[in-house]
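Have a look at this one before I ask anything.
The letters A, B, C and D name the chains in turn, as written, and every chain counts its residues from 1.
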Amino acid sequence: MLHAKVISIKRDNKDVFTLVFDSKISAEPGQFIMIWVPGGKEIPMSLSSTSNPLAITFRTFGETTRTLATLKPGDRIFFRGPYGNSYPKPTGKVAYVGGGTGLASLNSMILKYDGDVFAGARTKDDLFLIRDEYKVATDDGSLGFKGTVVDLFVPHLSEYNYVFVCGPEPMVKSLIDRIDKKAKAKIFFSLERLMKCGVGICDSCSINGIRVCKDGTIFELQEVLKMTEFGVSRRTESGKIEFFANAKR
Amino acid sequence: MASISTKVGNFSIENPVILASGILDETSGSILRSLRSGAGAVVTKSIGISERAGYPTPVISEVKTGLLNAVGLPNPGIDNFVEEYKDFPEKKRTVVSIFGGSVEEFVTLSRRVEAAGFDKVELNLSCPHVQGVGSEVGQDVDLVEEIINEIKRRTNLQIWSKLTPNVTDIVSLAKASEKADALVLINTIRAIGVEIYSRKFALSNVVGGYSGPGIKPVALRAVYDVYKETGKDIVGVGGITTWEDAIEFFLLGARAIQVGTAFLYDDYRIYSDIKDGINKYLDSEGFSKLEDIVGVMVNNAARKGD
Amino acid sequence: MASISTKVGNFSIENPVILASGILDETSGSILRSLRSGAGAVVTKSIGISERAGYPTPVISEVKTGLLNAVGLPNPGIDNFVEEYKDFPEKKRTVVSIFGGSVEEFVTLSRRVEAAGFDKVELNLSCPHVQGVGSEVGQDVDLVEEIINEIKRRTNLQIWSKLTPNVTDIVSLAKASEKADALVLINTIRAIGVEIYSRKFALSNVVGGYSGPGIKPVALRAVYDVYKETGKDIVGVGGITTWEDAIEFFLLGARAIQVGTAFLYDDYRIYSDIKDGINKYLDSEGFSKLEDIVGVMVNNAARKGD
Amino acid sequence: MLHAKVISIKRDNKDVFTLVFDSKISAEPGQFIMIWVPGGKEIPMSLSSTSNPLAITFRTFGETTRTLATLKPGDRIFFRGPYGNSYPKPTGKVAYVGGGTGLASLNSMILKYDGDVFAGARTKDDLFLIRDEYKVATDDGSLGFKGTVVDLFVPHLSEYNYVFVCGPEPMVKSLIDRIDKKAKAKIFFSLERLMKCGVGICDSCSINGIRVCKDGTIFELQEVLKMTEFGVSRRTESGKIEFFANAKR
């Protein structure tokens, strides 16, 4: 277990926080850490900055993320990692497509490689890490395009050479269903699943025998297309198969 | 090239490298991947009567010499398990690990497993023992014997009895497993991990099971003791991360070996790495088949049960 | 700077780093060297009634995660021991380890040790137990209790009871050691080593004791279990090779620690390395004395015996 | 445990053998290995050559050395090491003083640094690794000087800048007793004691708290002078103190 000092913590919106910390680990864009609240749980968290200083950006979902949000500069965070593979270096025209907290993971890339950023959220207030030049979609139209970020992005796919996508599984699934599988762009997806170990041994994050934590988290379109379970079913903490609402089985 | 096929009880296996229970075997997809990656056989994550979420994270903690885990036996329960494996194509190469708190639970699980078309169970006897305070089912010699005898009487399954090293006398557990087709040695060793800067336990469950390189010398001793005293078919497990480790287990009497924590260091390459190594060793040391080295270090005169 | 002095039973020690029995303590010259190199105290190699040469070499075998040894309790016997230590200047910082096969042997040895001017004995209970086949004296709860009670009754020595981890339930051994002034946890774990190119056992005695980094998680669990259940003074030992390891033991309830196998990696620097580390840790974590961290991780409510 | 192939084995005299073996370990002159006869004992043995190929030179004392003497080219030897410190690099005029099997340890130095070699043995037939230019002493005068190698060497001490001595403890002790402690020469001794572990933890080789296996085996004169037990008493396998015959206590 590693530990590091919190440099700063900033509230990005009503329930999203960016915590900057001082650590000498070297990480690549797209990698994640397992962050631990001593005495409490350990959860996977993408690095939203992989150059010094490092950062994570998280939504307060439950106990662990709520506790992380109470940390102050000088406090310690505990973690292990970084884990997972990383986004490849792009060439040509680049697009980033993020939904939900997906932008956190993409942000480490955006800081390194210029590109057009498509960001989606339910409402204006749910957005975070947003800059003026980003193309924004909100479900309620309170900012930018009214609709999903998938609706906003899909028509533009043919303009790009590299596309990086991160977001909730149903969003990613709908994007994959709607795009031209033969588009010239190389499309990479950062996936998220329940993760207990983070190091590829517990099987809790596996999709058709592919471990999100160790074989991923980043997969190219063709790899995701082979995952027949993707967007259809996932595993609960017990390992039981659970189907996504509205998933075509 | 030497033959590395082996036989454990009546189970003929093309190669002696088996996936241990609890590592990358919670989903049928991963089990198929191991078989395709070169495992001779696989053992499933331990299945109980009803669904269990397991313990909250942290459920693993790496230490210098291996791994501590307290995953807490998460499993979908036997109903969901049977459902998931309905059309599973590799039932004969898959040993279903089961756990329970009583003889009846073990028998019920075994019958369900048999009805689902499997023919081998591995008994994970590490469940908390309701009668004994703080002890495990697998530490109670009489209970172990009764569980095995009852499963034998009421099913046609082959039984692998997986023993705990957390006892004064593992040989008496092996003797209690007389009717089992094979013994699997060893499960994890009870241990604890501490994080000194937060002064908190490394696992949510405080106490966990220790696996990986650090337990190999203890596992070897268990295999040696049990093989010498019983001569039974043994599957060796505990800290095997290289082919040299595997050879050590064979020389002391194991007919096959399982790998678990090795995935941390070698991932899916572990199967071919170990198989290639065994092959090269047999060739260069002048043996024509794996069987020729099984137990050779254990003096036949000193070994009972043959 | 924080205070790192400690107290084990009535024994006040300037620092908590103690030399473990069996490592560099067969000769009085080496014992003095350890004390001069910064050990808070030392434990002698275990002494028995009569002279023993020990086992033939190989008596040690290094493994990746530690050391296997079967030295075979070589010792000059109590007469020669008393003779060598006649004018020894450090009797108060030296704990004399004794071993025997019966209550009477332990009492005889204790009385000789006391008569020789020492005031502390450590009981090495790992001797083969004549009554029990293949078991050790230290695995027999009743015998352990009787040995300790008799030494207490017939001498004024402080008694450190060193327990074996090769049992199902170490807590019951700790409870049997009720009258001891301190518990020393743990002795080595039974294990085996194999050399695959000669297909021979790595130790002349075949089975040996496993020590070093690989046993630390098991030792920590023993300290935790025993401290929680008994609250007794504990000296932690088993796989301590860095100051961080030492801190882990303190947090779980050890009041002092012993180092043995660490000499393989750090040699005589081990004393200052651990002491310096403890000091820095206490300072940077804001503790003024070692005592403040002893057992802090073990919930006081959950701990009996206080 | 390491293992290596025997390249050759040569009988140097009636009971001394030199075994050359093929190993990639790197060793310095003066170091030793713990050589193991599988199923039998493990014993300390100096390397009589530390440059490729390595060698040991041993007298057949008991079971272990007798078994080693039966090995054939192509057989395996098993060992661990090298252990111990090494002889320092000399400058100026160098002398080597060897008695008994002491010449085995010195030989690795002699191969590297020129010097005058003084070798002693009971009789002509007990000598080994001898070259014509060596100054030889035999107890019975059957070759060279009649007397001990100490008798032969001591008068010449003042001629040397560096002296390396290896031999049985009583011989070394008598040399030390008879030389000028203020001689200009730097004098180094390779000591031998009962060794069980070879790695500095069992205490069986210790002299006044100094371990021959790890603090040595090579010590400078001043260090040996501080060892009040040297040449006086040693430890048996039980750790019991045993006095040398004729030792001044």
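Everything below uses one rule, namely that a residue touches a chain if its C-beta (ideal position, glycine included) is under 8 Å from a C-beta of that chain, and two chains touch if they have at least 3 such contacts.
Note that this is a predicted model, so its numbers are computed, not measured.
One simple way to say how far apart two chains are is to compare their mean CA positions; for subunit A and subunit D this gives 67 Å.
For the pair subunit A and subunit C, the distance between mean C-alpha positions equals 51 Å. We define each chain's centre as the mean of its Cα atoms; on that basis subunit C and subunit D are separated by 36 Å. Residue positions 197, 199-200 of subunit B are each in touch with at least two other chains.
Shown for subunit A are the residues that touch two or more other chains, of which there are none. If you sketch which chains touch which, the chains link end to end in a single open path, with no loop closing it.
This structure has the following touching chain pairs: A-B, B-C, C-D.
The touching residues of subunit B, counted against subunit C in their complex, run 63-66, 68, 135, 139, 166-169, 189-194, 196-197, 199-201, 206-207, 210, 213-218, 220-221, 224, 244, 247-248, 251-252, 281, 285, 293, 296-297.
Every residue of subunit D that touches subunit C in the complex is listed here, in rising order: 1, 3, 34, 36, 38-39, 41-43, 76, 78, 80, 196-197, 199-204, 206-211, 214, 229, 235-241.
Residues of subunit C that touch subunit D in their complex: 23-27, 29-33, 45, 51-54, 56-62, 71, 74-77, 80, 84, 195, 197-200, 202, 204, 260-261, 263-264, 267.
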